[in-house]
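Here is the structure we will look at.
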Amino acid sequence: MKGRIFSVVGGMFLLTVCSKGDGTVQAAPPAAQPAVPTADVSAAGGTITGKVKFTGTAPRNPAIDMSEEAACKAKYKTTPTEENVVAGPANALANVFVYVKAGVPAGQTFTAPTTPVVLDQDGCRYHPHVLGIMVGQPLEILNTDPVLHNIKAIAKANRPFNVSQPTAGMKTTRTFAAPEVMINLECNVHGWMHAYAGVRPDPFFSVSKEDGSFTITGLPPGTYTIEAWHEKFGTQTATVTIAGTETKPANFTFAAH
Amino acid sequence: MQTTTMTDAMRPPVPAEPGAGVYSNKLGMWVFLASDVMFFTALIGSYIVLRFGMATSWARPGAVLNVPLTGLNTFLLICSSVSMVKAYAAIADGKKYFLRKVPGKTLQDGGLKFWMLITIICGAGFVGVQVFEYIKLVGHGFTPTGYREGSVLAEHALADPVKYGAGVAGMYGSTFFTMTGFHGFHVTCGVISMLYLYFTKVLPEKYSPQDYRGIEVIGLYWHFVDLVWIILFTIVYLI
Amino acid sequence: MRWWLPDAGSTFARPIDTLFLAILIITGIALVVVEVGLVTFVIKYRARPGRKAFYTHGSTRAEVIWTAIPAVTMVALGLISNHYWVIMKDKKSIPPNAYHLGVHAKQFEWQVTYPGADEKLGTSDDFTVRNQLHVIVDQPTAVELTAEDVIHSFFVPEWRVKQDAVPGMHITAWFQATKTGEYEIGCAELCGMGHYKMRARVFVHTPDEYKAWVAQQAAGGSE
Amino acid sequence: MTSVAHAKPAGGAHDAHHAPMSFWRKYIFSTDHKIIGIQFLFVSLFFLLVGGLLAMQIRWQLGFPGKPMPGGGILPESMVSGGVILPEYYIQLVTMHGTFMVFFAIMPLLVGVYANFLIPLKIGTHDMAFPRINMWSFWLALLAGLIMLAGFFVPDGAARCGWTMYAPCSARPDLSGATYSQQLWSISIVVLGLSSVMGSVNYITTIINHRAPGMTWFRMPLSVWALFITAILAVLALPVLQGAAIMLLFDQTIGTHFFDPGAGGQPLLWQHLFWFFGHPEVYILILPAMGMVSDIIANGSRKPIFGYHSMVFAIIGIAFLGWIVWGHHMFMSGMNPTLGSTFMVSTLLIAVPSAVKVFNWMGTMWRGNLRFHVPMLNAIGFVSMFTIGGLSGIFMAATPVDIPIHDTQFIVAHLHYVLFGGSLFALFAAIPYWYPKMFGRMMSERIGKLHFFLTFIFYNMTFFPMHIIGMGGQMRRIYDPTIYDFLKPQQPINEFISYSAFALFAVQILFAFNFLWSLKFGKKAPQNPWEDNGMEWSLPNPAPHGNWDKTPNVYRGPYEFSAPEAGDKDYLPQYVKLPTDRDPIPAPLSAGGH
């Protein structure tokens, strides 16, 4: 640790470059589907698709009292709630991060797309609430609200960061250097604001939609362990074998306790 | 201040003040030691405040730390203080030599070179024992952050939380390593300085009964470090 | 634009403001003496050809006078101040009928815990509201301050109340609001990048209004 | 009465007996106390500039919150986004402004520069007791400053928990948002502490043991007295901060728990340690200023200092009381209120020696023959501004009144009246006063006067209104006061302060210009340009290496202005031997030691 400090001191001039790189604003347009990045994997691979559901009754999402932030409150017609459990019709479960946990041959590397994943802070909530991103892929954090948000990333494998955006329209771009499921993102000014980012070295991940569906494409033949992660309900795994350009199902059912 | 003006009478001469009555190196060392006292006061004061502000009590004496070994080490340091006094006395008497036969006595008489060497060996020995102790302690799982998970000590603490002060092990480790570590650092500095003096001044016989300031100044420092250790040994190991 | 302390909103305001004014007068006199003296000397004793300074090393009498006057003033000031200080901050001065609220500070919000219908903290009908402090007018109120992460400071200017919330400590501060209305809490101790945003609103209600608000919260069930 | 022959004194203009030295030995790794003082001067003026630039950014944000800062584009996006200062950069600004100004500008300017430069010259000796340790003291101070500065260039930017570094914010990167710079802060403080202790050991030893024959304790100029007491404060206070900074560093790096409440650590312990150092530090920052101002006021008034002995005892009294008042920084911290009462009384008592000093300065000017040279103007500015700073301190000392103004802009106003109005005005007096002794030339009087008047005006326009917004409740270190309803009406005052602050900063360009221009083009200084009594004026300008060839004798106190024996002159230097004077009796023990 001490050695690190001294190397930091020694390289202080070089580090000006680093500190610049940390927060460079990128003018790239937001991707159409921010949660599902496009990686340069041939479309010829196999596909895993399925639905995520839950059993039991979902806990009620607490209402958010936004009366201190008039600018945010004005964006809602009804009282907004937190997004701990977003359920669709027929007990479909959204915001589940599904990814290939094991099975991708070791040593195989994937190039991260340069299109950023956009995390928008709008109406004092994060959009999207759960996102997947590749190692090295830019994460563009955008503040649409005219109020201060800070974005604190609580990470273990990656370097944690905590940056703030006091005015509307501010953008900060960050990248993650190591795979990590999940990185918690939170705003300490608005205690209800939480988002989760799954950082993967490969493009084989997806986030379930409102109807609980997810799709992972481009998988080469092999046997994979698929894990589904939900912020309240924990994780579940499934094993899927892909033989060619086929589409295999994988469904997950969580128990709401 | 006198407000009267001087008349034609001669002003009485003013004696130059003799300063502190000691030479500057010694005075400087005294001032430095005063500053070092404040440094250790900060550490020891914090230790007392933290230890007695704890909800539960510390590990019992001897439960974690090896008191007999450190007791021996304390003895070693006290010996080095004694040998430092002997070195000082030797050079004050003009004994620059290592050992010399004294007629009618079986033991040879030690000079500055001998007693300084003994002091250096004892000091280095102290540091060595302390390093050994640290290695042992860390091996048992006692670290500055507390008992390392899965270590022998962590298991003991689980079995007997009162004896091992399980709840406050973190602070125990923090204060123990910081205080003894900084003391050890002071001893190391002293040993290095003495080695330097030994080779540049003692062996070339540059000290004389007329001028042995270096020995006196390093001696002051050495006794101070010894004194600090006796305090630390008492409050860290024995209480 | 305001040129004075904020409008008084609690029983502490009166003694504090009076003391403030008293100190202002004392220091004002001292200031005028010094500054007028300096200006006078600068004009009167400016160097002119042929003038020579008056050779003196001082006057013991003058020095005793200007040592004694500040000493007496300061001791008197200390005694008066201490009287009010004990009332405002000493644990024993918290009125026994005080209404207790829990205030938990964290980066960067105030979580206020209300005792609910049974008016006791630590029971199951307690509820917590973010960034809103509701109190009853003319009712001694004690806030039990805790902090989650770093040091924060609970500050309501109109009430002349300020107390740090320190992690690991449980500090109680009391006050008695004298005016209904809406005020603000600010954090007075640098607590991180969102320090300035640690703002909460304060509502001083009549007892009935407060009861109604508690009931509404209970019905809303947002605990 | 014989008229005094102001003969050329026994100064040594010749370096003949000193071996010629290379440029490096002479000006870079110099052990000459005067060169070291000058090195400190340049380095700390640089850090003063750094601190000033940080202050300007703070003022921009407070005056015009959320508006793009002109020139903000050159700063990286992690600090300033689209020209707008980010909140995390703002708290770095307030932290580093305080840190640089206190530790790397004012403290080295007063102690590093003038203790080094003046002590041997004023007590009539050849150099410090330990010249090599003195050199190390400078290089360590520079190293500490550079480590601190490096904080801006590491990931996440500079340290951010205020210059007081309150734990646990400072101890936990996840709470402060910065990792490396917080550690760099701790390391820098440890190094600086070492430098300060080395310097102070030197000053104390030199003053005790190396005074010239005849320089008795009560013939020492008040500047030397003040620097002596300051050195004692530093030697005893800095190690406490060092100890605290080491504990903090261990908390930050190896995971100890000193300030971690989760493991039984105590956040208030940091505050106690910090302020136990911090309050003596406040006096480290003002006592030397008081001492030098005393010398200059006596000179400008052409009168002996009024109540020399009580001035000395006031310095000692302030220093002594300074050790038992640290708790007044913690009235609102949750410390036991009974302790608060104790600290209140001791704090109020400090007003007494301070008042004595102010009245004695006025007494010195009373019936004087005032010469308004630039140092004198700034010294008068010091007295009038320090008075405001001292008096506003009484508000905070009275604990109930402290409740509404604690940690508000009122405190900011108070501390700037003491540190800027006090210490910095004293420096604006001291720098031109001893400039000829350092560089052999005079600073321009005309620019100096212009600089003084403009600084005085803009300084008051900047800091006085802070009292008002502080009374209104504006908290310290907040990024944007306009989000509070009770602060919104005060925003015009904030804007006004910002404009004044920019003007104040701009005026300092005059000083910088004067300082640098005079190095080369200033008027050549006569030997005793201010017609002063100090021992240093027996030497040529600039003073040669080794100062005097032969240790000089001292015949009287330092303030014999307008003494009847002086004849037609209105000053009587300490080194001038009147026919009625006898040489001092040499000390029984060789004071020098070596």
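Order of writing sets the labels: A, B, C and D. Residues in every chain begin at 1.
Note that contacts are C-beta pairs under 8 Å (C-beta built on N, C-alpha and C of every residue); 3 or more make two chains touch, one makes a residue touch a chain.
It should be emphasised that the depicted structure is a prediction, and the values quoted were computed from it without experimental measurement.
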Q) Among the chains, which is located farthest from subunit C on the basis of C-alpha centroids? A) B
Q: Skim through the chains and flag the pair connected by the most C-beta pairs in contact.
A: C-D
Q. Any idea which chain sits dead centre by C-alpha averages?
A. D
Q: Round to the nearest whole Å and give the separation of the Cα centres of subunit B and subunit C.
A: 48
Q | Inter-centroid spacing, subunit D versus subunit A (mean Cα positions, whole Å) | A | 52
Q: Can you check how far apart subunit A and subunit C are, centre to centre, with Cα atoms defining each centre and the answer in Å?
A: 45
Q. Distance-wise, how many Å sit between the C-alpha centres of subunit C and subunit D, to the nearest whole number?
A. 31
Q. What positions in subunit D touch 2 or more of the other chains?
A. 86-88, 177, 254, 265-266, 304, 308-309, 479-480, 563-564
Q | Where subunit A touches two or more other chains, by residue | A | 148, 150, 162, 164
Q | Sites on subunit B at which at least two other chains make contact | A | 1, 5
Q. For subunit A, which residues count as touching subunit C in their complex?
A. 62-63, 65, 67-68, 148, 150, 162, 164, 188-189, 191
Q) For subunit D, which residues count as touching subunit A in their complex? A) 66, 76-78, 81-82, 84, 86-88, 147, 150, 153-157, 173-174, 177, 180, 183-184, 187, 253-254, 479-480
Q | Residues on subunit C engaged by subunit A in the complex (per definition of touch) | A | 106-109, 129-132, 192-194, 197, 199-201, 220, 222
**Q.** Complex interface listing, subunit B residues touching subunit D
**A.** 1, 5-6, 8-25, 27-28, 31-32, 34-36, 38-43, 46, 49-50, 53-55, 144-146, 167-168, 170-171, 173-175, 177-178, 182
Q.
Please output the residues of subunit D touching subunit C within their complex, sorted ascending.
A. 86-88, 90-91, 94, 160-162, 166, 168-169, 172, 175-177, 261-262, 265-268, 301-310, 332-334, 337-338, 340-341, 344-345, 348-349, 351-352, 355-356, 358-360, 362-363, 365-372, 380, 383-384, 387-388, 391-392, 394-395, 398-401, 403-404, 406-408, 468, 471-473, 475-481, 483-486, 489-490, 492-493, 559, 561-564, 570
